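Chains here go by letter, A, B and C, matching the order in which they are written, and residues are numbered from 1 within each.
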Amino acid sequence: MAGAQAGTRGKAIMSALLTIDAVSKRFRGVLAVDQVTFEIGSGSIAAVIGPNGAGKTTLFNMIAGVLAPDRGAIVFAGDRIDGLKPDQVCRRGIGRTFQLVRPFPVLSVEDNVIIGALLHRNDPAAARRRAHEVLAQLDLFDKRTQRASALTLPDRKRLEVARALATDPKLLLLDEVMAGLRPVETDRIVTILRELNRATGLTILLIEHVMRAVMALAERVLVLHHGAAIAEGAPAAVVREPAVVQSYLGAEAVD
Amino acid sequence: MRRLIEGVPPRGLVGLAALCLALIVGPWVANDYLLTVLIVILYFAYTGQAWNVMMGFAGQLSLGHAIYVGLGAYAAAALYVHFGIAPWIGLAAAIALAVACGALIGFLAFRFGVAGVYFAILTIAFAEFARIGFDHFGWVGASSGFFLPVANYAHNDLWTLRGNPTMFYYVMLVLTAAAFVLCRILLKSRIGYYWQAIREDEAAARSLGIDTFRYKMYAVIISAGMTSVAGVFFAFYYNNLFPEQVFHISRSIEMILGPIIGGIGTLFGPLIGAFLLTGLSETMLELLGALGLDVPGAKQVFYGICLLLVVIVLPEGVWPWLARKLGLAEKQS
Amino acid sequence: MPAEIYLNVAVAGLLTGLVYGLMALGLSVIFGVVRVVNFAHGEMMTIAMYLAIALFNALGLDPLVMMLPIAGVLFVFGYALQAGIINPFINRPEHSQFILLVAIGLIIVNVLLIAFGPDARNVQTSYAFDSFMAGPLIVDATKVYVGAATILVTIALFAFFRFAALGKAIRACADNYTGALVVGLDINRLYALTFGIGAACVGAAGSMLVLLVDVTPALGPAYTLLAFIIVITGGLGSMPGALLGGVLIGLTEALAGLLFTPSAKSMFSFGLLVLVLLFRPQGILGRRAA
């Protein structure tokens, strides 16, 4: 199946880290995701945008293993991952954050990240060293001994990213990580993500509503509406397509 | 070794050393009655710690833990009475049986997504099942009871665990200390971190690559195995076993009072809880006795009230509150 | 064994099961609305049972007649318990709730033990040895009266939840907490009322059960477990489910007691429970929790 498709796409497939191939998901009669096809090249940053209810989180959840697609395939680093459990998906190299952040509340910031780092390190001391590295990258090193529940929202968002990053993913899925942040905070995370991508080649896939971040980060954008892909391409171009403007951008101005 | 005490403030280490010393020297200064009370305290500290592994570390509420005590007790006792096998060897059978039972319960529960209240009820049902089952199990005495031959107390035989209370005290002390050290090691290692993650938020834990099924199983199995050792001790100390008592839900509840009152998920919680509970209840019984009152059920009412107070006023347990007051809260590195 | 014996035992089990169902109904109502797992349910019932015994011994009053007043007393008890102690725990983690109610149950059992002692007690009414006969069927009069009373009480309850304004408000609470808040329902009062109603169910069931079983304080935890088995089998949050579960368990126990040893009969209930938990955790009539 994926092989037959691969033949027609040839060279594009070779550098694609994640391939979503005609994936569909139905919930009790509602088609949440409708034959979506998309590719993300290794080392690139891509974004999925679309109005609420467009199917973005469902798509994410299928990549992350929380849901299994009804149809289609998801290929990561050459292997099918659709239908795998979330922990299996993470072990393959995909890290994710949650739309409503879920830190481990009574544990310290440091311990939260150590738990992520323990995936590839058996020794807690080594995990702690890695955790410190990641916390420094995310500007949270000074708060490492605080309880996670005591952090402000922007800090908790960065903690969630740090924790996922500590699992040494090849692909990072970020689910509306900019939601609820002030522009100055958004810019901070955008800078951090851009730097991570540049320095380590980390591939990033974002779901976002905050266009400021999408324009600043994404090399390619996929637009979903009612579960189907209605546009795809560079952000500047996609944002001007009539179909996209009609469905979504009425209220969202491009900064 | 260094890692075990890392992060503990100096005055905590001093306190711990003092406690150890007091416990070691205890039997010399205590009278017979006090000695038996201390044995009970250590017993509850030990079983509380074992239960704590499942609940406090991995977040799975078991209200049927008496099943592991019972299985351990009957296994070792049966091997001793019927085949003359010493308890230290019978221990292996006891642990194997308890681990198998725990694995079954864990597998059924976790594979089928039985959690929270449903899981608690499943554990109660299993314990009740065992209680009724053993009531009909003739080879170990059924409901009439199973008895170990009581030997001469003057002669201490550590191998067959026949002897005077002082011997039992030290056996229990070593067991409790070992449980303590084991839990500390577990908490500070990868498995301890993963357990805490699962306890806090299982879905988030899975998103970090943690195979939650496997780690929950570890918690159940380790907890079951540890608890069964207490069962072996129970059998050889009390020398009689009745399914009606050993598997009864009151035993399961007694076991969890210590850690809940002391502090679920903490290392010292079960010990503090056991001391407080048993210490205070024995004092209360002494007072009632002095007043000429014999009130069966008074101790349990007392337990209930303590539980109520702790859950309402100090939900984290007495130990975290006490530790903060004494400045013993562990510093993060 | 002749078929009549099976029939008689089955009918007896069915009628007893109805009372179990009423007891479990209370638990279902409490869980369905207040979302509290009442681990002291059986213990509350023993309060009612001892109350019935005390009234019978002191004043010769038939428990069936005293059913309503006793239910009333339990209602007040339940209301006060919920409003006073349990309410703050609604939003606490699950295990905190259990432990709170386990503690309350523990206290109830042992206070009863102190007050009444461990010996079994029962109530012997004038009609205790009467029976009705219909063809091959011989049924205890007591069981028939009890069964009839249970059916009446259950119908009244269903009617209350279906037609009374208060009943509908309570159901609204259960279906949509936030919506109920928005509409201005006084949630705390409704919760207390619901707990009271659940307690009243158990009060009624208790005063009827004294006619059927010997009472000891230790019965409390045993009935709590039974109530949970019934409610889980029938469907947590489903009222008809609780009744169905009760009847099913009553039947199973009666027949198992006949076919195997009486003391092993609860093993079948546990077996049923494990099967339900594994394969149909929402119970026979329950809906999957949202």
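Quick note on the criterion: contacts are C-beta pairs under 8 Å (C-beta built on N, C-alpha and C of every residue); 3 or more make two chains touch, one makes a residue touch a chain.
Bear in mind that the values here come from a model prediction, so they are computed numbers and not experimental data.
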Touch-based graph of the chains, sorted into line, ring, star, complete or other: line
Reference chain B; chain at largest CA-centroid distance: A
For chain A paired with chain C, centre-to-centre distance based on mean C-alpha positions, whole Å: 50
Averaged-CA centre spacing for the pair chain B and chain A, given as whole angstrom: 44
Whole-Å gap between the CA centroids of chain B and chain C: 33
Contact set on chain A toward chain B in their complex: 64, 85-87, 90-91, 95-96, 98, 102-108, 110-111, 114-116, 118-119, 122-125, 127-128, 144-145, 163-164, 167
Interface residues, chain B side, partner chain A - complex: 3, 188-190, 193-194, 196-197, 200-201, 203-212, 332-333
Residue ranges of chain C touching chain B (in the complex, touch as defined): 37, 85, 88, 92, 94-96, 98-100, 102-107, 109-111, 113-114, 118, 217, 221, 225, 228-229, 232, 261, 263-264, 266-267, 270-271, 273-274, 277-279, 281
Chain C partner contacts - residues on chain B that touch it in the complex: 55, 61, 63, 108, 112-114, 116-118, 120-122, 124-126, 128-129, 132-133, 135-136, 249-250, 253, 260, 264, 295-298, 300-301, 303-305, 307-308, 311-312, 315
